[in-house]
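Look at the two complexes coming up: chain A is in both, with chain B in one and chain C in the other.
Presenting the complex of A and B:
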């Protein structure tokens, strides 16, 4: 009877033990594994329009020129040499000899022409085509067996960046990253689970000892949006990289693994802005506040950026007073910065335009109490803390501010479509050091001119000047002319404060101590810029 | 026979209405949710124009919510679940591998949970030790009071158990409570007192006189707990980062991916409808045998 009872009891107990041992589904082993925070929207390199897909393209695409993420300068890749005519409208590239795709088939100038034409084809709607200003008018041909010529209708300032984003694929079968000329090719893609990348055995690049690159044989990119899962897997040694670490997790990751890195101010910005859309569903007196430069300047003067960086970002952020990060040394202007915190000056400025206090409450000239809400996205702890701190800072001026968190689609709907908000707190990810990447933000007719988008004609003289300067910096030939235009843009933004810049979050990342050959860059991807020479310690390439 | 056929037809009709209402409700809720025709890409200064052109095309294609629903139902009748807005692939392609993952998780958790619950409920129902009764009450209360997401987060951060363990723990607590109530009622039956007095061995008594007569009632509790498991799947899969159907439903809801959300909702409604029907027929069987 005891034996029977034991059998009866042991079966469910064994099952329970099995259940406790069960974790996430098993994933294939790889030399390097890390997390993508979202599913890549596409693997077609021509159609990439999200961060995850961009990472996959960076790892797999064979490109004519590669912008070195560390030096931020273009370097030869599939093209060993390139020439740009004096007027900037004719570009001639010469391919390396003996190039092959990852399936062993030869890579010819015809493949390059076909890939470029595919990207420029309006039917494909490739986002990178916009870089060519008039993609339909671009002529691509092959004047020689290894030569490719691009004839542009207009000079393209960011040509190297555009070519860095165009993957050369086999002309006969564009293969969505499974046949590539880059360092890796997609071997397996389990939607929602992981991407497995296999080393391209025919990659053109070799190290100084003549060994073929990349050293790593397999990469696994797990698709997981849960940052806690990512951190746990990294600290447990299941992941070797974290492309970004939140300020809240940084100390813990640093303490537990010793592999966390703070690279200093990133190119990204966090900013606050007021809704200045003419037909926004707001009372007219509120619109008048938000359109007042003095009001915006006073708000800016009341916000303590150092506290935001210290408290909301645990000191892993740099106070911001302009739209170009000090990390962007080529374009940053010391003169184009907004004045620092000064509560007395803020009060004086408000007083000068008719605001006054009734008790502790600030009211405008018509007696309307200054109360407004700031909308932001839910789920971003640092942003939520910043909102709370800003509300406290503005309370010192007598303003009553409420922070409202919305889920992302609802927030985008308000910002881009209904314009039903008073102020917004959000960040902007800058993927390029060149200010022309931000042209859509400063041009008044653009939908990304957030405070007052899609204007038929500039609403204010300073927006008209911004439009002119944006166009001028994009077409000017010399650096000095472009710099002059960009400096003036910085000065206008610092004076008018359409965006009140708050902080530049620091670039935080983590690499396991057993990974060698890493190079960090401010440009995305942060930890992968030297992927071809990265290797695991103790593993022979 | 005719009664049984009529009952089956009625149940099928009820199930069909449930599915129709669930799908219509989902379409209306998602289409009317703020931010349906938006994507985060609109805020991206580099890609916004491209993204907005895609949104306009989608708006023109979808028409009114009713048209969307009719279009989906039409596609469903032809075996077409539609195309995911988020990933631009057929929903069936997206769903099949995830259903496998979720199915495995469900099996791993839902099989041992009732057995474990029964093992715990049996001694509690047969003995009258006050300490055991108190422990049972406290454990049940705690199990019901702690939300599954908190349980999952605690398990993840402490590394004490995986997703299946959390799901099993939650189901065990729920099953335990119902089993205990059923077993207590059963153990008070006069024929059991008589059998005990006659000296029938305890295990024999449990197997032949308690469990065998109650199997249909116990099974109906298990059927109901499967419905509970379905609702717990979403937070568990999201917190543990399990690429299953629950996580897909969450991502679809966050990104207003209507075709995916509709399919997952219909699948869940189907499971709940079938489980409800099964439970009803089990109860009817139990009543008939009584």
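Presenting the complex of A and C:
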């Protein structure tokens, strides 16, 4: 090749390289980096409605009270003290002295009042406003220079949880997490690429030695939905955290990095349910099967939940016989658990309501063979395996079950709109230990009452009782009364099996071995609850 | 190469038949994702199902389904090409336009649409029939221009004009004179369509759109590879991929030599 030819070729090549350098996402270095699995819907802390935005809010928001994710108890944050009146309708909070926002401007009671009023404003449509039951009727004022008073129309059971989600922002310019009173503030946001969070140099919190918290200077949250990319970057040391690890990847991550953690049963559930919607486009004999308590109980008795946990979740799940996880020690009830596997009893129950075998096939009293499909979402490997195992288990009863994987929009359309399905296998994420968070599932008029949603009046006496108990536990003042109501709810669900609970997937996460000061929690975010005291090994704060 | 390919396919067919005739091996939930053993020659999948038997089922179903779909597709191509070759110019243009339209259809979305409107509890055999029928319907336009060009050449041949001038009906001309001339090109199409449909079913199956359980297809075998735990546990998980590649290569070789 002549020198002239080389120059001719090298010029466009260099241009191409320059273009690639310019367009490639140059990710800035950070003390800690990890993946967000979706673009945050908003950075406005008042409008947070998705997991990614929730994570950003947790890291940036200065809140009056913080629910400790590990102990699940409220702790003072911007408010150093709070007081609730005997009737639970007047809450008075006292701010710490000398508070500042991340831009150095002072944080006053007026900023707090403005932030609370903004969240309660119907025009903002803040999701957290619903926690106040009647947000328009809440009165917020400042009886003193550092005092804030909330006057509530009704007692709010989960007040600390609500205040944990309200970021205090400057009254003059709510700043979408760029000026905050929390440990970090958003420094850069490249849509679709990453978020860079910078340490708040004016954060109120100090460690026992009087050093300013947080220790970490910069956090980078890369936006990537690809779990394989996330795992590879973690194992290569480019990421230091994985908020969740799939059971499929857990052993490999543990083996390659030594940083994988199984925290035991999570609060989330995986469940199977039969379509009991009265006007569902199903044959009447199928509706009769699904409305039969004995049929649902028999199906529940035939499923080997230990195998589901062992095989589908590689032993990283806990068999479930009720809707409250054993990890939720405050509300879990031993008495409210469904009976464990018993094939003989399952067959006897089916026989008692007219089902019998013709050859290997189970048929109902009118001779219809028991065949049905279970729909689930495509792309969830563990769920697919569970569906196949359930089909095998139910074959032992003579039922022919087909597992159908549908893409999510098609699945939601069938579940929520057309009701054209026989049985469904899905999971439910619980972000709160308090059972009142599941009120929308148990109330018969709710669109999330999946097996028979949006009922005008309860279709069965036990659903009517569930409605009453749901309301009772949400309004009862004492823990004992609430616990009694929740125990009874667990007993009804165990007996009626509207949801056949299968497993509680274990909470799996990973933290690089070079990160110190981590605390793990079942409540989201799993690995970030001690973000203020986390640091890299060998790096002096 | 042709003999080697034939030998391989015959061997695989014989092995599959013998495995299937052994009867169903029940899933062994205590032997999950294992490697080769005396009981399970090429191991088990992550549900404890015998991999050899599942591969035999996938091979048999894939071969039967793809062969039938390729035959149907070839027949449709022949019929369309003869119609195009002997039609008047406006009709020919419309027919060619239709075949081109079929080629540019976003068939993956079409298949998703079909899957969404089919009853959910479709038996596995029906889902296999629907899948391969759809592949046949979508495969006919691929070679229609090639075959119709051959028909157009034949239509202008003097011997054919002589036959028609002698009073032979068009049907008789097509059956006795045109069709035999088209058989070699159709045989090539058939042999090339078989591997094409094998791959198409495997792609669809790995997306969850193909043949449904309990029937086993190449697609469902390949979807096992998507599981990281499976890949890590044993190298035998790649065996279906290797066998599928060799099968496809064998058919491609046969088609190329034809």
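Keep in mind that, in the parts below, the second predicted complex is superposed on the first by the 516 of 541 C-alpha atoms of A that agree within 3 Å, B and C clash if a C-alpha of one lies under 4 Å from a C-alpha of the other, contacts with A are read in each partner's own complex, and residues count from 1 in each chain.
Simple rule for what comes next: a residue touches a chain if its C-beta (ideal position, glycine included) is under 8 Å from a C-beta of that chain, and two chains touch if they have at least 3 such contacts.
The model shown is predicted, which means the values in this text are computed figures rather than measured ones.
Visitor: Chain B or chain C: which reaches more residues on chain A?
Guide: B
Visitor: Counting only touches as set out at the top, which of chain B and chain C does A:127 meet: first, second, both, neither?
Guide: The answer is first: A:127 touches chain B but not chain C.
Visitor: Output check: A:251 vs chain B and chain C. Expected answer is one of first, second, both, neither. What do you get?
Guide: A:251: touches chain C, not chain B.
Visitor: So, A:407: does it touch chain B (first), chain C (second), both, or neither?
Guide: Both partners.
Visitor: Given the touch rule stated above, what does A:191 touch, chain B (first), chain C (second), both, or neither?
Guide: In the superposition, A:191 touches chain B alone.
Visitor: Is A:284 touching the first partner chain B, the second partner chain C, both, or neither of them?
Guide: Touch status of A:284: no partner.
Visitor: Using the superposition on chain A described above, determine whether A:392 touches chain B (first), chain C (second), both, or neither.
Guide: So A:392 only meets chain C here.
Visitor: Quick check for you: in the superposed arrangement, does A:49 touch first (chain B), second (chain C), both or neither?
Guide: first
Visitor: Could you look at A:438 and tell me whether it touches chain B, chain C, both or neither (first, second, both, neither)?
Guide: In the superposition, A:438 touches chain B alone.
Visitor: Counting contacts the way the document defines them, which residues of chain A are shared by the two interfaces, the one with chain B and the one with chain C?
Guide: Common interface on chain A, chain B vs chain C: 228, 406-407, 410.
Visitor: Provide the residue numbers of chain C that touch chain A in the complex, in ascending order.
Guide: Those in contact with chain A are residues 27, 29, 32, 46-48, 112, 116, 120-124, 207-208, 212-214, 226-230, 232.
Visitor: Would you tell me which residues of chain A are touching chain B in their complex?
Guide: Listed in rising order, the residues of chain A that touch chain B are 1, 4-5, 9, 11-12, 15-16, 18-25, 39, 41-42, 49-50, 125, 127, 130, 190-193, 222-226, 228-229, 232, 406-417, 426, 428-429, 431, 437-441, 446-448.
Visitor: What part of chain B is in contact with chain A in the complex they form?
Guide: 33-54, 86-89, 93-94, 97-98, 101, 104, 108-109, 111-112, 115-116, 119, 153, 156-157, 159, 161-165, 168, 201, 203, 238-243, 247-248, 251, 254-256
Visitor: Chain C touches which residues of chain A in the complex?
Guide: Per the touch definition, chain A meets chain C at residues 228, 231, 246-249, 251-252, 307, 311, 314, 371-373, 375, 378, 381, 385, 388-389, 391-392, 402-407, 410, 420-422.
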